[in-house]
């Protein structure tokens, strides 16, 4: 199940990368590259930080084709994205949750300590979007908007707690996806957000 | 031959990095660092992605001197860059082609599959320029302008096809450089470009 | 001694990351993440470049807690930062010097050649701040302002020279910290800076 959701996840992330590239008027090549980086960048950064070589996508060239195709396909269907907006948000959230769990599992298998495992989950979940925004020269949205990164953190903590309590793996997955999706959708629906830190050195200092 | 062209390539890339730093009014140190990153960053990212340690330039400290010197030297001759513009474009294109071929060769030697080999060529070719633009806080030019990244892709495909067909190595190099240079120069001359994806969420959606 | 200064250093760097995040109105999560990246990013990039796995902070989860806490704590005391400004600059300089020396030591232990050792010191010293500025979508300040990166270079050269001359380790540290701090404070006090390269292609060329 996690594999099918992973494939949906990289497709959704690739599409979000393509849309961001389109806002910067990039050419087809830029769209394809940013789709690829958005979808696979989080896992790549995780593998590089954990020394987990060879890096995942280099062993599954199919992922390159999927993300590049999803990016280029987004150019064609961009005009219908408004109608698909709700669906897109759900897929994107499923992606965030799947990435987070996979990131935790990779770090667990490598015997890292729990705080590092949580960081690995978070990084897998959110760094694709951060790299997308860096490449598109904008401040990373996941660090500013709604409960995006926080959902990743909650999912990681919940999943690890259930693993620790030896809850059956499928049950853990189901619980993590349910809670994560409910939290994310509620945050979007009712505009929940974390406290924002606004630091204006002109008002206070430098 | 590839080595001499590589040295020309890192010099040209270092100079392009220095010019970009100059547009951001950086100090000597910033100029030197961005020259270094622009010239050697593509190969560094490739080596980190492929797990190809030790990273190339750490075994050839001379490359540090060359790129830093080229960057600082560019500060001195900046006022003559207009007259050298055509020459500079040729050197930059030679660099792109050389980087691409070297990137493919490194990944081939490590037995990666063909799609990964092509990605390695592309990344070596274009990521120096992408890192340069990220450090200078601008949207990566190679993802927007003319056939830059596409030249890298064509060169990678052509070179790998000829390797596959057991064409003599020197012949492959000559063909890859000729086709790549002709394509890049034509693209600049006649302003060829790939289709651009302009996504305006205000017009369609978000 | 280096360890205690290191802990002060990552705290000061985390706080500078949090302040930069506050200028971009990031939420608590963004503040915590950027604090973490600013404090530990330089060492992380160094370890990835040198192939020095496992990466330092993954073996010391306490560093994650320290930097995240320092970041969040900064949100609380932001209004008093003006009064703490001088102290903050001293801590930040101590951090720069400590990071530089530690970076050199790591590369020395791995038997890299001297130019690479110097690069490792510089990268450890300044890349946290560069990553902070990339994540906050601004041109890296360390490449533009005062003698920041240059202090790192002077400290690296001085420290390596003394190591080469078999000066006692404590004496080397004391000298490196004294010279580095004096240089940095003087640069701030009298606004010393390196020559700036301003390249305006409209005036000259492109």
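Labels A, B and C are assigned to the chains in the order they are written; within every chain, residues are numbered from 1.
In this section, a contact is a pair of C-beta atoms (placed from the backbone, for glycine too) under 8 Å apart; a residue touches a chain by one contact, two chains touch by 3 or more.
Per UniProt, the chains are A, B, C = Membrane protein.
The structure presented is a predicted model; accordingly, all values stated were derived computationally and were not measured.
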Magnitude of the superposing rotation for chain B (Membrane protein) and chain C (Membrane protein) (Cα, nearest 5°): 120
Same vs different contact residues, chain A (Membrane protein) with chain B (Membrane protein), by half of numbers used: different
Chain centre separation (chain A (Membrane protein), chain B (Membrane protein); CA means) in Å: 29
Sequence positions of chain C (Membrane protein) contacting 2 or more other chains: 48, 134, 137
Partner chain A (Membrane protein), residues of chain B (Membrane protein) touching it in the complex: 48-51, 112-116, 119, 130, 134, 137-140, 142-145, 149-150, 153, 193-201, 204-206
Contact set on chain B (Membrane protein) toward chain C (Membrane protein) in their complex: 18-19, 21-31, 33-34, 44, 48, 53-55, 57-58, 61, 64-65, 75, 78-79, 81-83, 85, 134-137
